[in-house]
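Please find the structures below.
Two complexes come next, and they have one chain in common, subunit A, joined by subunit B in the first and subunit C in the second.
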Partner chain A sequence: MLQEFFSTTVLIGILASGIRLATPYLYAAIGETIGQRSGVLNLGVDGIMLMGAFSAFYVVFRTENLFLGLIVAMIVGGLMGLAMAFISVTMHAEQGISGIGVYLFGLGMSDLLFQKLVNNVETVQGFPEIHIRYLSDIPYIGEIFFQHNILVYLAYLLVPIVGFILNKTTFGLKIRAVGENPQAADTLGVNVALVRYITVTVGGVFSGIAGASLSIALLNVFQQNLTTGLGFIAIALVYFGGWRPLYVMAGSLIFSFVNALQVWVQVLGIPIPSDIAVMMPYLLTIIVLVLSAQRARQPSALSKPYMRSG
Partner chain B sequence: MKKFTYLLLAVLFASFLAACGGASSNTTSSGTYKVAVVMPSAINDLAFSQSMYDALMKIQAERGADKFEVAVSDGVFVVEDAAAAIRDYASKGYNLIIAHGSQYGASLKEIAPDFPNTTFAWGTAGDTFGLPNVFAYEALSQEGGYVNGVMAAALSTSGTIGVVGPIEVGDAKLYVDGFKAGAMAQNPAIQINVNYIGSFSDVALASEAAQTHAAAGADVMTGSAQMVVGAIGVAEQQGILWFGTQSDQSSLAPKIVVASQVYDWTVVINDILDLMSKGTLGGKVYAVSLANQGLLIKFNPDYSLPAEVKTLAENTIKGIQDGSIKVEVGQ
Partner chain C sequence: MRNYVNSLIDGLFPLFATLAALAVGAVMLLLLGANPLVGFGALLQGAFGSPNAWADTAVKATPLLLVGLGICIAFRSGVINIGGEGQMIMGALASISLGLSFPSAPGIIIVPLALILGFVAGAIWGGIPGFLKARFNVNEILSTIMMNVIAVQFMNMLLRGVLIDQNQLGAAKIPQTARLSTAFDLPRLVPTRLHLGILLAVLLAFLVYYFLWRTTVGYKIRAVGLNRFASRYAGIKVEQYMVLSLLLSGAFSGLAGAVQVYGVTHFMITDGTAAGFTGSAGFNGIVAALFGQLHPLGTIPASFLFGALLVGANQMQRATQVPAALITALNGLVVVFVVSSEIYRQQRVRRRAIAEMKKQEALASQTKG
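Entry: the complex of A and B
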């Protein structure tokens, strides 16, 4: 049985499905990373994802236009991010609580809209798998990396781009400064509120895409609470990755590989109780979180509303 | 601010009046029923909740909406919310309140004694807590699972079948175990890979589990609970045959769904109504089965099932009904 486990089919299967599974986590976690680096904790990710997932699904269901669906999901996600920015930046609200509010709003609203507008189990034709020419023909490697839908590729492309913006550009410097010491940044003429508005809104856009990656690319359906708390795991992955996009990606991949692994463990009939198997990825996340908590330092101003004194 | 206070008072007063109105209508004329149902997922989930909703709609169509009033609270996956809804319906004078989910049992046990003139029913479960106003209902879903398993093994050419299960409990486990028994009875050499994803609602993981079964060589799949829409999507993409349970899933993927075991709670509800009219408010445990027509195998008319497999299925159904085939799981 164990030999079977190390066969190429199984290894390729685990790697390919891990890469696929990591996609929504990656969008949501990268978006959340940008926001948190500027000092805003947005716990509403899951709710924004649900709204993104529903709006993308609904647009594609009605128009069969995938890109329109994606754009609408981005707009809806961006608007919810903007709302979160207004609540936390302009109104100086407690971020943890208001994030939960945004989550509950998204959870309820997406279900209400689904019931009123669709009210049936329907499927759509989502983004097809793209086999990248030449690359997808490479044995093993091709199957693992180059036979996914476009949203999977874009998610991984986003990681270096966001890493570059955060670390190598003036705007990235402003984001980090606002997240570490908004007072100092303000004195130097950085518009703290504007920077945070931009990062939280962009985070919302990414969460919207995360939702769309489920409803019009990976699953092609919508259901009440489609994300089942996936957005909260994404927030954990931001901590897991120590607020660095590359490590956040590593965290998303490890979590997803372990999830794919536990699915295979059961399919191959390896005698581990299913309850233990499904716990594995979550257990791992907790362990790594505990270990990384010693190491990584969070942005100093995280979750602290900034009020100009004097 | 003052305006707001008045508004609040007005709303409170109105809801107070509404509550009074509800309570006074407790006594209903004979033959008229006010039925309320609380369920964990959507009424159109093509699975567990829909099976009950469809049954109630069928009875309503037979008896007329004025004689059989139905109130639905669906998507109540939080048990505390369900308990509040059950209590609310009871105090508004509903005659029969159905708590459609085994997770609601503990709440019902607390609430039912407070409303001795109201009938409660819950399932899937086999326990009425010894209360005189509680009915329980369960499904011998292993029977339909067995029939589906026999067909699946007969149709599989790769010799591998994949099962996407939710959590290893209740009628989902019975169904999966029955399915395995049926498939093994048809072809002892068949390879059945079972995967419980640990959730009734995680569509993404159900989809991934189906991808994994496909990669492991399955050419026939089945699964239970409302998250299987994710798995059916994968099956449709990859041209893998699908067997459904709980509700008729043919509409979801007409090309690949072969047959579905359908729960028809009509027999249970009609018998409860019958007993209620005779003054018995509870105490009985029901089990829907192929024999009492509470479980039905619905073949997908759009899928051309080979005649010999259909005959095989029909003979299996007859065998289970007359007892010549014993499905020995879950006993």
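Entry: the complex of A and C
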């Protein structure tokens, strides 16, 4: 049985599905990274993802237009991000708790709309796999890396882009300054509130895409609580990655590989109780949090509302 | 007198926040083609329309109150416990294991022991994130969320395995336990579904109030929440108190799970999710506690309010065809509105403090002169 497990088909399967499954985590976690670097902890990611997943699904279900579905998910996600920005920046609300409010809202609202507008197990035709010419024909490598749908490719493309923006551009510098020392940034003429509004809204857009990647690219269905807490894992991955996009990606990949491994363990009937197998990625996340909490330093102003003292 | 009025107004802020959320709910009902008056009327009818409805509301309020009490302790010490769901599950599992293991033991022994066991199991499940926070600086929001998922899988494993009803083994293998002996049912108070748990929860609310405001340990827990650095400077072992408050917080959620099993369900079944057992009480308890201004006594009416919303939602669904999920969405809005209105409450407090200081100064200069 173990020999079967280590056959090339299985290994390729694990690697390919690990790369694919990391997609929603990547979008959500990269979006959250941008927000947290500017000092805002958005715990509502899962709720935003659910709303994004539903709206994308519904639009595609009605119109069969995948890109329209994606755009609507981005808009819905952006609006919810904007709401979170208003709550945390303008209203100075406690971010850990208001995020739970946003989560509950998204959880209830997506369920409500689904029951009211669809209320059936329906599937849609999601984004098709794109086999990249020549590259996808390379043995093994092609199957692992170059036979995915467009949202998968875009997710990985996003990582260096966001990394570049954060680290090499003036706007990235402003984001980091606002997250580390908003007082100082303010004195130098950086509009703290504006920067945070932008980062949290963009984070919301990414969460919307993350939801859409589930409902119109990977699973192609919608149901109540489709994400099952995936957004919260994404937040943990931000901590794991020490707020650096490249490391966040590494975390998402490790998490997804373990998840894919776990699925294969069950498919092959290896005698590990399936519940323990499902537990593994979460246990691993806790262990990794323990290890990474020592070395990573979070943005100093994270989850602290900024008020000009007068 | 003036102080009294002021604190009354402070206490009204969550009410305004809820009214705002309900107003949004009314608009949503309109958009969904339902008459808000009919919808909210049905909601009230469902929650309070009959003795049975009252009882169901109280039954729904019980886990919210118990979880909410734990949330009061945790949030007062400045740690955020989002692990109520998992802690409830662990409390339920521990307590039901005891009852299933000794089916012919007298209830008077088993029931108190089972509740204590649930309390302890929840404490352990909440204490682990507390320890990780104190020792390794692991963010407790994240670790409690992870612990939720692990608890769900643990429940699924036990209900499919050692705890499964023997009758299910040959048959459909539905992951559920046998029913607990009827001797272990929490006593019913009146001929409804109302059980002793609600009295226990209210009693504990007073106890938690006493604990937080009238004991040294409670004082230190609040001090740590108000100012971690000043507390450390004053010689309070901050980490120790953060662990303690997460531990206690988990304990109350664990108790909520145990009470749910012995008072309401009398067996456990899993649909694979946490909400399948908890009905999201681990989250809604946070809403209730916030609404009660993180005050144990304020959490009592708050729990009843949200219990009523949850019970009434089903009636509303029948009357208007609007899914009960609307209430989950509204709960989210209540949280958002309550924490957002906090800034105005704080401004009021600050303004009062400044006015008070000026008065004192004026008095001092008079006596000098």
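Criterion: the second predicted complex is superposed on the first by the 310 of 310 C-alpha atoms of A that agree within 3 Å, B and C clash if a C-alpha of one lies under 4 Å from a C-alpha of the other, contacts with A are read in each partner's own complex, and residues count from 1 in each chain.
The criterion applied here is as follows: contacts are C-beta pairs under 8 Å (C-beta built on N, C-alpha and C of every residue); 3 or more make two chains touch, one makes a residue touch a chain.
These numbers were taken from a predicted model, which means no experiment stands behind them.
When both complexes are overlaid on subunit A, subunit B and subunit C end up clashing with each other. In the superposed model, A:Asn225 lies in contact with both subunit B and subunit C.
Contacts of A:Asp111 after superposition on the shared chain: both subunit B and subunit C are touched. Of the two partner chains placed by the overlay, only subunit B lies in contact with A:Trp264; subunit C stays clear of it.
When the shared chain is aligned, subunit B comes close enough to touch A:Pro24, but subunit C does not.
In the superposition on chain A, A:Gly77 makes contact with neither subunit B nor subunit C. Only one of the stretches 274-282, 292-300 or 346-354 belonging to subunit C has C-alpha atoms clashing with subunit B in the superposition, and it is 274-282. Put simply, subunit A uses residues 111, 115, 224-225, 228, 275, 278-279 to touch subunit B in one complex and subunit C in the other. Contact residues of subunit B toward subunit A in the complex are 41-42, 44-46, 75, 77, 162, 165, 167-168, 193-199, 201-205, 207-209, 211-213, 215-216, 226-227, 229-230, 233, 236, 252-253. Across the complex, subunit C meets subunit A through its residues 32, 75, 80, 82, 132, 136-139, 141-143, 145-150, 153-154, 156-157, 160-161, 273, 275, 283, 286-287, 290, 322-323, 325-336, 339-340, 342-343. Across the complex, subunit C is touched by residues 43, 47, 87, 91-94, 96-98, 100-109, 111-112, 115-116, 224-225, 228-229, 232, 235-236, 239, 273, 275-276, 278-279, 282-283, 285-286, 289-290, 293-294 of subunit A. Those residues of subunit A that touch subunit B in the shared complex are 9, 12-13, 17, 20-21, 24, 111, 115, 119-121, 123, 214, 218-221, 223-228, 230, 259-260, 263-264, 266-269, 274-275, 277-279.
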